[in-house]
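For reference, the structure I am asking about is given below.
Going by the order they are written in, the chains are A, B, C, D and E; count residues from 1 in each one.
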């Protein structure tokens, strides 16, 4: 059969690959009328190179990136994938109870100074208690696994990491000081706004709208199955590399909690979030854009 | 041979001691964790395709870079005027970060094997050029005079006068080169390939599987040790035969 | 036939050679003496075509050979290869010439395994084996014992008679010059000039 | 000096031509995009702290690696028996990927500056050792004999006999070393530092801001060109003075 | 006083020197001749303490100096530094000695800017400047012209008379040996043995 092929570049064994593997295993791509090809990559930078270099049709990343690309004239579009966010963790035995206790202490942050979780938490601390995390603490940016380790060893007093590390941190004896979604809510942002999504080139969306719709359909079907069918997750176990039952459970719960509601993204809520990020992250994050450029989100 | 194995055994023991001292198998796995993982990968054959892919890339780009770099280094060394013009370029190309070359190669050539090999070779050529040029600069002038009097042809001069004097520099460049190339191949595989030891190693790192990272690294170290013992060392010894007699 | 019309040769600011005109016909041996540092090697290197940075005109034949003041062997090539590779001589011819300079049995040695006198003789064998049109000898028999020198002088004379190259010989040894040279000259002064010994010429020519 | 600038100008022109040909300012920005960005960073002072941080790391680890590597290389070159034992170690340490050393340093020493510098130096030492050892192996035996007859002390031998002969190898090692170190510093900064050109460069890369990536890379290239022109080239020329006279 | 009791010296499988016993008192000059390749340099290197891979016993005094068969200068150090650095002599003393071997004005040259004979004389100045207890001369005056050799022979004789080192001189030149040696010996054979010329000893001693 001559089904059109769509290639997604994704971290091998990463959370995205859970969904992609589910799609392929249950034939959800064929059901939606296309063939899903997966290009395994070893990290986020590689996925970006693959997309930019035209070797992949889609990757999963956040829509800030899309907004920035659009602002610089590159036509990329965003299809919601997950609203899962991380949080700030401290060791169980830590004396830190409030964010303000972190004054003069070290925070380890995965993903760099433009990490969305970090920016949201900064905005929240500033608004909630006039506490400027950036000024009052020392930040150590590093690769996610290193931040995890630094948090566990107590080398940093708090750690902000990607959501799938939450489970590991919790399992290893850390507690969440504040979750990013709580912080977002407190800021008046909509926690339902999915941050991560499939990013496709505008050209593909224009030329093969059916193919893109089919990806959306297959993705949704996979999410539905993973949300309800424990066996479907159980099948992914070897891929997930959970070290124990608790971690596995936390990963499953985290994934499920991150599944965005069906329907289009609330552009107004997104615009609000973007405006806040633009202030905190500056041009480094959003580039020349001052407001959310139009056309980031694909209509459902 | 025996001494080399004994010396490696000592190294493994030291490592075992260190890891026992640190007593943190997750972050500082010892040989007792890593070697079985490596062995597992080898007997199950799981590591072999990646090893083969990486070896092919290393081999190809090594060959290209050594040939180009040696030729360029000899040319620049013999033509000081050209050299004075191109010297700043060498510094520039030597200083451009591997990341930049790699990304640009992938973007401009495409996300394929040629781009990967071109990126590695590009990173390595200026280094080889530089090392060989330094060697050419100190070539013995009296032997050049001898070759001139006896009208030795360019190929004969290269073979009998120039290359033997460059041997220590070539050996240096080859050794430094293999090490450097493999480091770059790791990044190349990380940024745009779907197989290879570098790909695996970064995946393991993402999963914070230090044992896996080390097992992958060791696989390549083992290959390099074999290459060194079976190829480079004998070649170097052959080139130095006259000195040791 | 070789001819040189040199107006000056300098290293940087120091002029070493002044006006030098010379001409050596095939079969002739021009013997040059002069104090250490006069410029003999400099002149010989110009004649050999090694040093081209001089003011003047050189006209020299194709097949050249030179015995350098230092052995100038390729240390990474065996003795016999040091003879065959630069000259293109056959291994048999090279081995024979090595035997004639007293190095039979040392063909497979590395140059580093020779005494200085032996190494210099490899240089002599290399120069003699190729039947050159122009033969330049820069103190070829230094570091050798009297007996050996006698043998080599005889060998040299034979070879010159056989193949009749134009020969330029620099030496401090009166005996060597007297035996081989058909014409003699002295290089001296600052910058050095070449003064041919006319008397000698007549004597040798007679 | 003038020639170097002219030669760089030619290079920039070539680059401009290439980028005009590719006509894709986002993925293949030309000097007209990158140079203003760089200039902007310099006059606004935004790039300077990062440049300073990177330079400090490069400088420190360069100094450590050159000193240790030279000492080790000379020692191994002079003691063939020790060398035969440690040679496989050199291959191993030369082949261990930068990523592994860096991650292990961060894990064992901590996510701090010392770990960063240790990681870079560790990556570089085996390379310098290897290059210098190759140089020591070809030291002139007759000068060693001379030094022995005249009972020259170890320091005098090092200064007057050994180092001058090693000069071309040292120059090679320094040049290759600077280039390599800076490549490793980039990774080190990427994985676990919060400032430096490498940190910026990866940030720009995250945003796929190729212009920014190139501007950052260029900033360092410029520094290296200056270092080369003002420090290494004069030192190399001084060491080769006797040869050119 | 230097004494050597050598039973054998080999390079790999080839034995070069056989039994050699010698003893040289301060002020004595032992002149050694022998064909090229006999083993003179090998023996001198053993006496100088350079080559320690031999079977036998060497007993040699502290301050040694040697004129090597090749110049053996540090090409990256200026002429004067080539004299001062190995010997620890003052620049003034070095300059004076350089002048005495006929190199006045060349102190600031690099060795590569010298003729071979000049370079060899730097080696002589280096050996003479340090007032050694043991002086080893391996064909010190090769590559020099007769006049210069005459000067240097006189200089050498003066220095030996002044500081009375034990001297071992290898040379092919009968004239040099006759002028300087208080005792003479010949190295020859395969493996080479040292045969002292008893007659000569008497003559020089008289």
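By our rule, a contact is a pair of C-beta atoms (placed from the backbone, for glycine too) under 8 Å apart; a residue touches a chain by one contact, two chains touch by 3 or more.
This one's a predicted model, so the numbers in the text were calculated from it and none came from an experiment.
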| item | value |
| --- | --- |
| Fewest hops from chain A to chain C - one hop per pair of touching chains | 2 |
| Touch-network distance, chain A to chain D, counted in steps | 1 |
| Set of chains whose contacts include both chain B and chain A | D |
| Distance from chain E to chain C - Cα centre to Cα centre, in angstrom | 27 |
| Distance between the centres, which are taken as Cα means, of chain D and chain C, whole angstrom | 49 |
| Contacts with 2+ other chains: residues of chain A | 45, 52, 143, 145, 149 |
| Interface hub residues of chain D, defined as touching at least two other chains | 27, 103, 107, 202, 205, 243, 245 |
| Multi-chain contact residues (two or more partners), chain E | 70, 113 |
| Inter-chain touch pairs (all) | A-B, A-D, B-C, B-D, C-E, D-E |
| Complex contact set, residues of chain B against chain D | 3-4, 7-8, 11, 22, 27-28, 84-89, 91-92, 94-100, 103-104, 107-108, 126-127, 130-131, 134-135, 137-138, 168-169, 171-172, 175-176, 178-180, 182-183, 186-187, 198, 201-202, 205, 210, 213-214, 217, 220-221, 224-225, 228, 240, 243 |
| Touching residues on chain B, where the partner in the complex is chain A | 27, 103, 106-107, 110-112, 189-192, 194, 198-200, 202-203, 205-209 |
| Residues of chain A touching chain B in the complex | 11-14, 39-43, 45-46, 49-50, 52-55, 143-145, 148-149, 241 |
| Partner chain B, residues of chain C touching it in the complex | 45, 48-50, 62-66, 68, 70, 72, 74-77, 85-87, 110-113, 126, 130, 136 |
| Chain B residues within the chain C interface of the complex | 142-143, 145-152, 156, 160-161, 164, 167, 239, 241-243, 245 |
